[in-house]
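Look for chain A in each of the two complexes below; its partner is chain B in the first and chain C in the second.
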Partner chain A sequence: MAYPFQLGFQDATSPIMEELLHFHDHTLMIVFLISSLVLYIISLMLTTKLTHTSTMDAQEVETIWTILPAIILILIALPSLRILYMMDEINSPSLTVKTMGHQWYWSYEYTDYEDLSFDSYMIPTQELKPGELRLLEVDNRVVLPMEVTVRMLISSEDVLHSWAVPSLGLKTDAIPGRLNQTTLMGTRPGLYYGQCSEICGSNHSFMPIVLELVPLSYFEKWSVSML
Partner chain B sequence: MLDIEFQKSPKGKWTTPPFDPRFPNQNQTRNCYQNFLDYHRCVKRMNRRGKSTQPCEYYFRVFHSLCPKSWVQRWTEQIQGGTFAGKI
Partner chain C sequence: VQCIILHPHPPRLLAKRLRFHIVGAFAVSLGVAAFLKFAVAKPGKKAYADFYRNYDSMKDFEKMKKAGIFQSAK
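Right, the complex of A and B next:
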């Protein structure tokens, strides 16, 4: 989950998020290179006594500083589009989980086999046990099997919400009357936290999401225990 | 929902609704609604012909997996009350 003074993204827990991390590294490197080059040139401009007031044309350098940015933009666009298309790949999920946003909690439904549904409220700060995370823990976590493609269907029962889990690179709006689909694939077991990402009233900051990714056998035992 | 036994997923056969190329994008609202309609239409027509509604259970399993329970409940109540807007 997030930690104080964090600068970068959270560790990736899905293949798409890994791709996004690398893409961000690549693009940020380009940004740093251009910024430092520009700052260096500005510093040179400001620290010289030389002047040149008779520039008439500069065809060569103008060509370079048109072509080179175009190439840089292509070098950014190609990986970006690759990831965009990767997100839309058709995969065959093994499990469907629905989540409905409410003011101010999430409810989850696992209805492929039996009818399993429960609400997931934030644990108030007063009731946290030692070591638990403030404003992030919930009473009932979303338990899911790891390394399994899960179809998440997200909607809302009242106002706009947004279901986000940064570690898996997921953020999908919960819109009343609309069923939004996203694909979830966790590569390792663990607890992954997220928060509602669309303003939805007074307790918008207090309706977190916690995914608990576990081996399939644990998931099966848990789902039987929740029925 | 006449045949409870048929509606329970066949063990080892049903996992989750497959990809439906009619609804390839993020918005799956129509996927849920269409299967709900198709189930009720199928049941109505099979009953009218006096045939078993067992083949209709596929549609039931799909909308049961995809549609939020509150939506199904609301639509079912509307069907029972004669106020459902869809054509069955």
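Right, the complex of A and C next:
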């Protein structure tokens, strides 16, 4: 979950999110490189009275400042495309869970074996127990087995929503009349929080998502108890 | 009498300054990038590798279960 004064991403809980973290470090390094170069040049320009007002042609510098940005763009694009294709790899999920966005809650359906479905509403602030997180807790969490590839099918019953869990690197739009798919693989047990990420009305900020990743045996017991 | 007029060579002060500082600018920005790579990116990658090298997810789960945070595992 997010914490006060947070600057970077949340800790990664899936291999894809780890890749995204490292890619972000790589791209930020390039951004710092360009920004420091530009800042240095601006300060150079501001600290001299020397001028040159008769430039006729600048073939060499124009070549450099065309080729260099092209190389930088390629250095960004290649890792980016690598991760993009990695996200789309065929990974044979063991479980499929469907989630539907509503105004203003999520509903989940586990229909691989039996018909299990439930709604997931935010717990209002007045009803929170000590230690629980304001605007993030829900009554029925999405319990999933850890270290298992899960397919999420996401759609909406009314307006646009978006199902997001930052620590797993997931954000997928819930569009009425359309089924969007994403896969997730949590490497650690625990609770992972997310919030609706597409404006959907007055309670858009009050329809969070909580994933509870547990070992497979506990997931099986839980799903039987929920039937 | 032929008179050769010698024109003074211009001192090219700006060009000298630019050459010196452009090299400096590239050196500074590459230094910044190298610093970020070795002080931020590499330690970050290492931190994840070290964490997962001897990670026991069941032990972690038992600790969390004892703390009572799960709905599905009391």
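Following the convention adopted for this analysis, the second predicted complex is superposed on the first by the 227 of 227 C-alpha atoms of A that agree within 3 Å, B and C clash if a C-alpha of one lies under 4 Å from a C-alpha of the other, contacts with A are read in each partner's own complex, and residues count from 1 in each chain.
We take it that a residue touches a chain if its C-beta (ideal position, glycine included) is under 8 Å from a C-beta of that chain, and two chains touch if they have at least 3 such contacts.
What you see is a predicted model; the values in this text were computed from it and never measured.
Chemist: Consider chain A as the common anchor and indicate whether chain B and chain C clash or fit when overlaid.
Modeler: fit
Chemist: Figure out whether A:69 sits in contact with chain B (first) or chain C (second), or with both, or with neither.
Modeler: neither
Chemist: Once the shared chain is lined up, is A:146 touching chain B (first), chain C (second), both, or neither of them?
Modeler: The answer is second: A:146 touches chain C but not chain B.
Chemist: Mind working out whether A:96 is in touch with chain B, chain C, both or neither, as first, second, both or neither?
Modeler: So A:96 only meets chain B here.
Chemist: Using the superposed model, measure off the angle between the directions from the CA centre of chain A to chain B and to chain C, in steps of 10°.
Modeler: With chain A as the vertex, chain B and chain C sit 150 degrees apart.
Chemist: Counting residues of chain A touched by each partner, does chain B or chain C come out ahead?
Modeler: Comparing touch counts on chain A for chain B and chain C gives C.
Chemist: Which of the two partners, first being chain B and second being chain C, lies in contact with A:33: first, second, both, or neither?
Modeler: So A:33 only meets chain C here.
Chemist: Touch test for A:155: chain B only (first), chain C only (second), both, or neither?
Modeler: In the superposition, A:155 contacts chain B only.
Chemist: Could you say whether A:12 touches chain B, chain C, both of them, or neither, answering first, second, both or neither?
Modeler: second
Chemist: On the combined arrangement from the superposition, state the nearest Cα-Cα distance between chain B and chain C in Å.
Modeler: 21
Chemist: What residues of chain C sit close enough to touch chain A in their complex?
Modeler: Against chain A, chain C makes touches at 13-15, 17-18, 21, 24-26, 28-30, 32-33, 36-37, 40-41, 44-45, 48, 52, 55, 57-58, 60-61, 64, 69-73.
Chemist: With touch defined as at the start, can you tell me which chain A residues reach chain C in the complex?
Modeler: Per the touch definition, chain A meets chain C at residues 12, 18, 21-22, 25-26, 28-30, 32-34, 36-37, 40-41, 44, 48, 50-52, 140-141, 143, 146-147, 187-191, 212, 214-215, 218-219, 221-222, 225.
Chemist: For a test of understanding, state which residues of chain B touch chain A in their complex under the given definition.
Modeler: For chain B paired with chain A, touching residues are 9, 14-19, 24, 26-29, 31-32, 64-70.
Chemist: In the complex formed with chain B, which residues of chain A make contact?
Modeler: 90-96, 98, 100, 109, 111-113, 115, 117, 151, 153, 155, 157, 172, 177-182
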